[in-house]
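A short write-up of the structure that comes next.
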Amino acid sequence: MSFKPLPTASQRVPAIARPHVSERAMKTLDIVEKFVDEECIPADAVFAQQLGTTISERFSAHPAIIEDLKAKAKKLGLFNMFLPRNHFKEGAGFSNLEYGLMAELLGKSATASEATNCAAPDTGNMEVFAKYGTEAQKRKWLDPLLNGDIRSAFLMTEPDIASSDATNIQLRMKKEGNDWILNGSKWWSSGAGDPRCSVYITMGKSDPTNPDPYKQQSVIIVPADTPGVTVHRMLSVFGFDDAPHGHAQISFNNVRVPDSNMVLGPGRGFEIIQGRLGPGRIHHAMRSVGGAEKALELFVARVNDNNKKPFGKMLKEHGTMVERIAKSRIEIDAARLIVCDAAIKIDESDAKGAKKEIAIAKIMVPEALLNVLDRTIQAYGAAGVSQDTPLAKMYANGRTMRIVDGPDEVHMMQLGKSEIRKGPAVMAKLAKAKAKSAELLKAHGLAKRDPLAMSKL
Amino acid sequence: MSFKPLPTASQRVPAIARPHVSERAMKTLDIVEKFVDEECIPADAVFAQQLGTTISERFSAHPAIIEDLKAKAKKLGLFNMFLPRNHFKEGAGFSNLEYGLMAELLGKSATASEATNCAAPDTGNMEVFAKYGTEAQKRKWLDPLLNGDIRSAFLMTEPDIASSDATNIQLRMKKEGNDWILNGSKWWSSGAGDPRCSVYITMGKSDPTNPDPYKQQSVIIVPADTPGVTVHRMLSVFGFDDAPHGHAQISFNNVRVPDSNMVLGPGRGFEIIQGRLGPGRIHHAMRSVGGAEKALELFVARVNDNNKKPFGKMLKEHGTMVERIAKSRIEIDAARLIVCDAAIKIDESDAKGAKKEIAIAKIMVPEALLNVLDRTIQAYGAAGVSQDTPLAKMYANGRTMRIVDGPDEVHMMQLGKSEIRKGPAVMAKLAKAKAKSAELLKAHGLAKRDPLAMSKL
Amino acid sequence: MSFKPLPTASQRVPAIARPHVSERAMKTLDIVEKFVDEECIPADAVFAQQLGTTISERFSAHPAIIEDLKAKAKKLGLFNMFLPRNHFKEGAGFSNLEYGLMAELLGKSATASEATNCAAPDTGNMEVFAKYGTEAQKRKWLDPLLNGDIRSAFLMTEPDIASSDATNIQLRMKKEGNDWILNGSKWWSSGAGDPRCSVYITMGKSDPTNPDPYKQQSVIIVPADTPGVTVHRMLSVFGFDDAPHGHAQISFNNVRVPDSNMVLGPGRGFEIIQGRLGPGRIHHAMRSVGGAEKALELFVARVNDNNKKPFGKMLKEHGTMVERIAKSRIEIDAARLIVCDAAIKIDESDAKGAKKEIAIAKIMVPEALLNVLDRTIQAYGAAGVSQDTPLAKMYANGRTMRIVDGPDEVHMMQLGKSEIRKGPAVMAKLAKAKAKSAELLKAHGLAKRDPLAMSKL
Amino acid sequence: MSFKPLPTASQRVPAIARPHVSERAMKTLDIVEKFVDEECIPADAVFAQQLGTTISERFSAHPAIIEDLKAKAKKLGLFNMFLPRNHFKEGAGFSNLEYGLMAELLGKSATASEATNCAAPDTGNMEVFAKYGTEAQKRKWLDPLLNGDIRSAFLMTEPDIASSDATNIQLRMKKEGNDWILNGSKWWSSGAGDPRCSVYITMGKSDPTNPDPYKQQSVIIVPADTPGVTVHRMLSVFGFDDAPHGHAQISFNNVRVPDSNMVLGPGRGFEIIQGRLGPGRIHHAMRSVGGAEKALELFVARVNDNNKKPFGKMLKEHGTMVERIAKSRIEIDAARLIVCDAAIKIDESDAKGAKKEIAIAKIMVPEALLNVLDRTIQAYGAAGVSQDTPLAKMYANGRTMRIVDGPDEVHMMQLGKSEIRKGPAVMAKLAKAKAKSAELLKAHGLAKRDPLAMSKL
């Protein structure tokens, strides 16, 4: 069967984004796509099989196929693309936007992000080391992370509080001589299930009585094998264990780390997480756009399946299916532009300067992803919720995106409030226009007569 | 009260769109904004008062304030910005994107589009003359239109058929010697209510038996005062009459026009409307984005109103209001990017090349606008549906956007089908990945074991 | 063409509601339906024509057809069905549920409610007189109202405050000897446009310093022709004036009424409006269900229209239309049951006892109505927003239902809070189950092992 | 802490449903609630622990706690309540409505349905035996099923076709002498994972060339241990295996069963599934209503949790949470009424007579359930998707409700079409009203003047 070939990744870059993408990035995009399509996606099933079945197997596994892929990626120059050239010298020299477009492609495979050393939470952690770390910290942790030799976790969320508001974080850090003593509990420590996870970047309260709640928290480096650290269990996401990565619940019982492990200085935790979370949210968002595209491909394939003919018509001949595919295309394309714009805004200033754009992307993209997945699941019927398609796992993962890195509600609240703060300026503008209007009416000898005035009755 | 000034129009251009906007356009944007804010919006009330109250007054009125504004606009160089420099030499030399950003600003005032000679349907009609007209047609109709001396209408929709599918159009055009004789009915002929409306660009069926339904239709120029033309009534939109513009129902009874009035040639009607509707949809869409911004400003003003304190708290302290403002900001920003991308796509190719992008903008923008308006109306309570705010009229107008120039359903269907046509290529890609995966599993000595296989039971 | 006749009103009573409907009411339902279908709906156009065109005509008109219909209704025994037999002796002897089912039918015509003397706001006002009025008040106002000789308005909402919270109401009532002096402004005084509107039941603040904000307000009777009362203008709803009924803005300038006009006693305003608004909300809701049924009929007619064949298929062959019709049926049927249940709850206790059910009906029904109307409008295309269908006016009217008698937000807040107050009891229940579960596990010698526990790693 | 006790199950029966519920059922409702709350819900955790961890353990387990609960239920008279007294003599003597109200309570526990022998798919299968079975079939299968000694499955859905349209079912049944030989594949055979599942009621094609596609299918009884039957694997639902119940993929390879196993007769498969699915859909729906109530309880508990204070306020003080709780209450109460009405309709006629009502319940309830769950998950944050709350599993299960027993789309289509079939009658009614209206206008000497007529211009 002959058919029009699909446009390549570089050809699909939205017209509006093109001037922001270098020739080198355009070429790299097509190399990434080829790598993902021809190496990573086929390897996903091998990865799943190499994981094992029992919980203890699954969380001590290191599927060999991942190292094969990493070697290939390095050879192709596809390693550490996430570190943006404007802010770091250690990466592959792309902008946040350029990497974002690549991340979309990585988001179509379960193995591609790790294969290219662009997997969360290592990416954000490497940014922390590169941006805020001392030389010693960089040598000890950043170098092996950049080389893909170890993995890392970021320990922020806690089980007993409302972590959506990070000022609530309770893990206690106490100074004792040159050491900090840590006590408390963390959960949803993603990546801590991986046997290669060697270091935890950990947030806690070092100065609980500081009148400024944004100066009470610090971020400190804790090697995973420090005495007093216990990984109790993994959290499941819908029924999935996300092995070997995992989402761990971890307790700290008199965990002692030297002061030299402190990042940036005590009380500067908020500064660090704000810098860290911005680009990370973009990465997640662009992988999610890729996930949505993958779902839409599966949707399109399903409606073209000759074996699926309810009521004598192929699914593509049912108008409701056509409309849902259209809605999916609209939501995906809008989501992509929103993320691209946010990435450019970070490139041009930084995460703080792109606060509004990042919040919008953070809220909008998972909603689009989940909508597309939900429609695709429905088109697949029962197969859509089972192990026979990747859809249910994608849905489970996508659903967490509305919660992690700040739930929708927090981003909505901040976004809404920032809009509301324009109030006085907006009101002044409206008042000025009204005054000018009154003047004009007078100048034209017109009263402001209401169309439904009763005076003449 | 002191407060941070609002960013100007040029400062608000989305980061992703900036490289596409020339320095001249950036400066013009701020001039347009000043003109709209300081001249047009205050003039809107004068325009409304000058219209009169009875139907016959309202549809014979030409509010004098419009001519004042036009003179000012001409002086500022703000005339005919809609004609894109890539495709026409007659306009102000901006791209579709650049004009789009201006159209957003024009969309905040009832008078601004006409004041700058950028009002529909004249814009689309001028494009038709400029693109497809003979020199004689241009001199007779394009010149006075470009100068704002006359107005025009585009007669396509008919009352007795499903006009959402233009092949259904029935107005009969019969050749008699060197003339065409027209018989039939049109409605929703927008702009035909204006006493200055001098010309109707009219679509009809000149070749009803042509086997290709896309070659049966022609477009011909009909002067408004041609004998046999009767304007019967105006259509209302919700309760509004949209005077003096209006939406007319018109009958053609043996209306005779010379063959020299035919545009492009008999049977080429579809070609013309396809070229015409693309940019027009972008104009509508960008004005709608402006309308949504205006609504959001009114929303922000309302929640900051000290007199409105239900249950002891200002509206801005009610979390549900904050969330709705955030949702509105998200929808508006996404809609703007979608339209900008479509405009750039037209700039880089043409309306046909931007088919997908235009369809997305056409569907998405009115939905965003109506959502924002609905939330704002709710925040204003009963005032929101009354003559005391512009919201109800904006809603009525916005609601028609889901119908005119092709209803949502038609654009959805075309968009969905174009996605579905990728089916064979997508299926081939998926099959290739599956085959490669099977190969890899075999190479690694792995069977594809189902996680819930019962074989060992 | 032969076809299955449509089921009659009595046949359509939902199975679940039947035991609550007397034989007499079942018969009356079919009489009401016949009256509405054969007399009122055809009279609607006459009513519209008899109204006139200028504002002054429209708000001094009393279309003669209304009196014809009233005479017919009286003859058929279809008068004052709204006054529930459990609470009043003056009505036609039906329950709130039974009248509710009739109100659904009345909701399909613009004239039927007034024709049967069941039109708001007279209904609620008659309830106030019947329930709280003195004998003198009843004779003076209730008798002519019950006979359809005069009309009335209820003046509560004010322009300068957040009326969604009635404690904000500011109209000042001051005692001077045996009189009350009223000063202030009202708007959205529905029905006050009708030249026959003779009496305003008016809410105001008689005791502004009372520490209990729910005891500051009183309700007093103000004859429409009292000196100091000025009707300034009507408010429009989307573009509609709702003549002759109208929504008035009225000012009170030292309006003097005798103390004998006070209803129930000073400070008892809240008691009165709570009793008044409950059944009124049910009436509105059931008329809205009728409106939604009418819209769905129009939708069904449209998709069966042979002249409307976009893309070669009748609208009923387009799957998206079929789905929208199904969704409309679902929303309507659910809305009806919700209102019926609330009506029964009022019948069995009173408006206070049915607070939850009324709130649910108040929120849910307009949403259903607007959804059905929006879909129907879309099926009608441009005709749907014009004067050629009743849809746009129905939409405008339905849209106000989300605002009047308390906006959605207030009902949501109250409903949510009442649910939240169950918190302690729910938490105790959950804790008890958890404790019992722990006991059981222990009794069975089982530890609560987490499925993803890491202890064995 | 003292607080108002929660109303009991009988007190919560909606006012509108009360006359349909016998005194005995009212009493039983409270007994069921007590049993579910005090026995079943605490036992759910024991059940989970007794299941084991490996796949082979989980699908050969029979948790002992279930037998304890069954013994208790029998003692309380809570066994087989699902068999409606109007149609069967074998059950506990309740109506579909009465059982529906009980099923809501059962839906709050993972063990309650099986404990009371009211678990799907046994319920539907018992109905098939009771309604259509021969005496021999009843003795052999119905008796042990009614006694809770064995379990059963219903094999309809197939992997390779669009099972949403049951005419597509392919499993081949060939007559050979007195036997039928079965060949084909089934999946989503729910319950077939349970080691006690002894019998499969199996649908297949016995007469593939019958011109009436609704007569090609038969239903036959297949003992689970018949040679040629192979259970290959279980399907997962999101990540859950639903052990020990399970959803099996099963192949039939020359499976031979005697003709005496045929139910009702060859070619009568559609008759059987139509009778079977009606009440089953009501059971699912009412359990889902119970699930939604459970979720809302968890939501209410969460917002009352003193430890969860984002931004200094308890969740119940955040307006957005209050609104979502209100929306959940609305959706649940509406869903319950819809199902109750459908159950009564079945009681009064049968599943066929309640087709419309069942379809509405089938579509509406899962949507309500998923909405409530989604909001509750969001309130719980990451805990909501994990094993620490039942929410994710409930969501996964609820999501399948939109697919099993006919996907939403099929029910929508049938519901929409049945509404559309009223077209001719509706059009005749509208035409009649229009004619009467024209007559009336004429009689009153009025022309139908359009409000926006231009004739006088």
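To keep things simple, chains are lettered A, B, C and D as they appear, and every chain counts its residues starting from 1.
The criterion applied here is as follows: contacts are C-beta pairs under 8 Å (C-beta built on N, C-alpha and C of every residue); 3 or more make two chains touch, one makes a residue touch a chain.
Worth saying up front: this structure is predicted, and the values here are computed from it rather than measured.
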item	value
Partner chains that chain A and chain D have in common	B, C
Pair exhibiting more inter-chain C-beta contacts, C-D or B-C	C-D
Mean-CA-position distance for chain D and chain B (Å)	47
Computed distance of Cα centres, chain C from chain B, in Å	37
Interface hub residues of chain B, defined as touching at least two other chains	53, 55, 235-236, 241, 318-321, 323, 387, 409, 412-413, 450-452
Contact footprint of chain A on chain D as seen in their complex	53-55, 157, 159-165, 168, 187-188, 235-241, 247, 307-311, 315, 318, 320, 377-378, 381-388, 392-393, 395-396, 399-400, 402-404, 407-410, 412-413
Parts of chain B lying in touch with chain A, wherever the complex brings them together	1, 3-6, 14-17, 19-20, 37-38, 41-46, 49-50, 53, 64-65, 296-298, 300-301, 303-304, 316, 319, 321-330, 333-335, 337-338, 340-341, 344-345, 348, 356-357, 360, 363-364, 387, 409, 411-413, 415-417, 419-420, 422-430, 433-434, 436-437, 439-441, 444, 446-452
Footprint of chain B on chain D - complex, ascending	55-56, 59-60, 231-236, 241, 248, 318-321, 323, 450-457
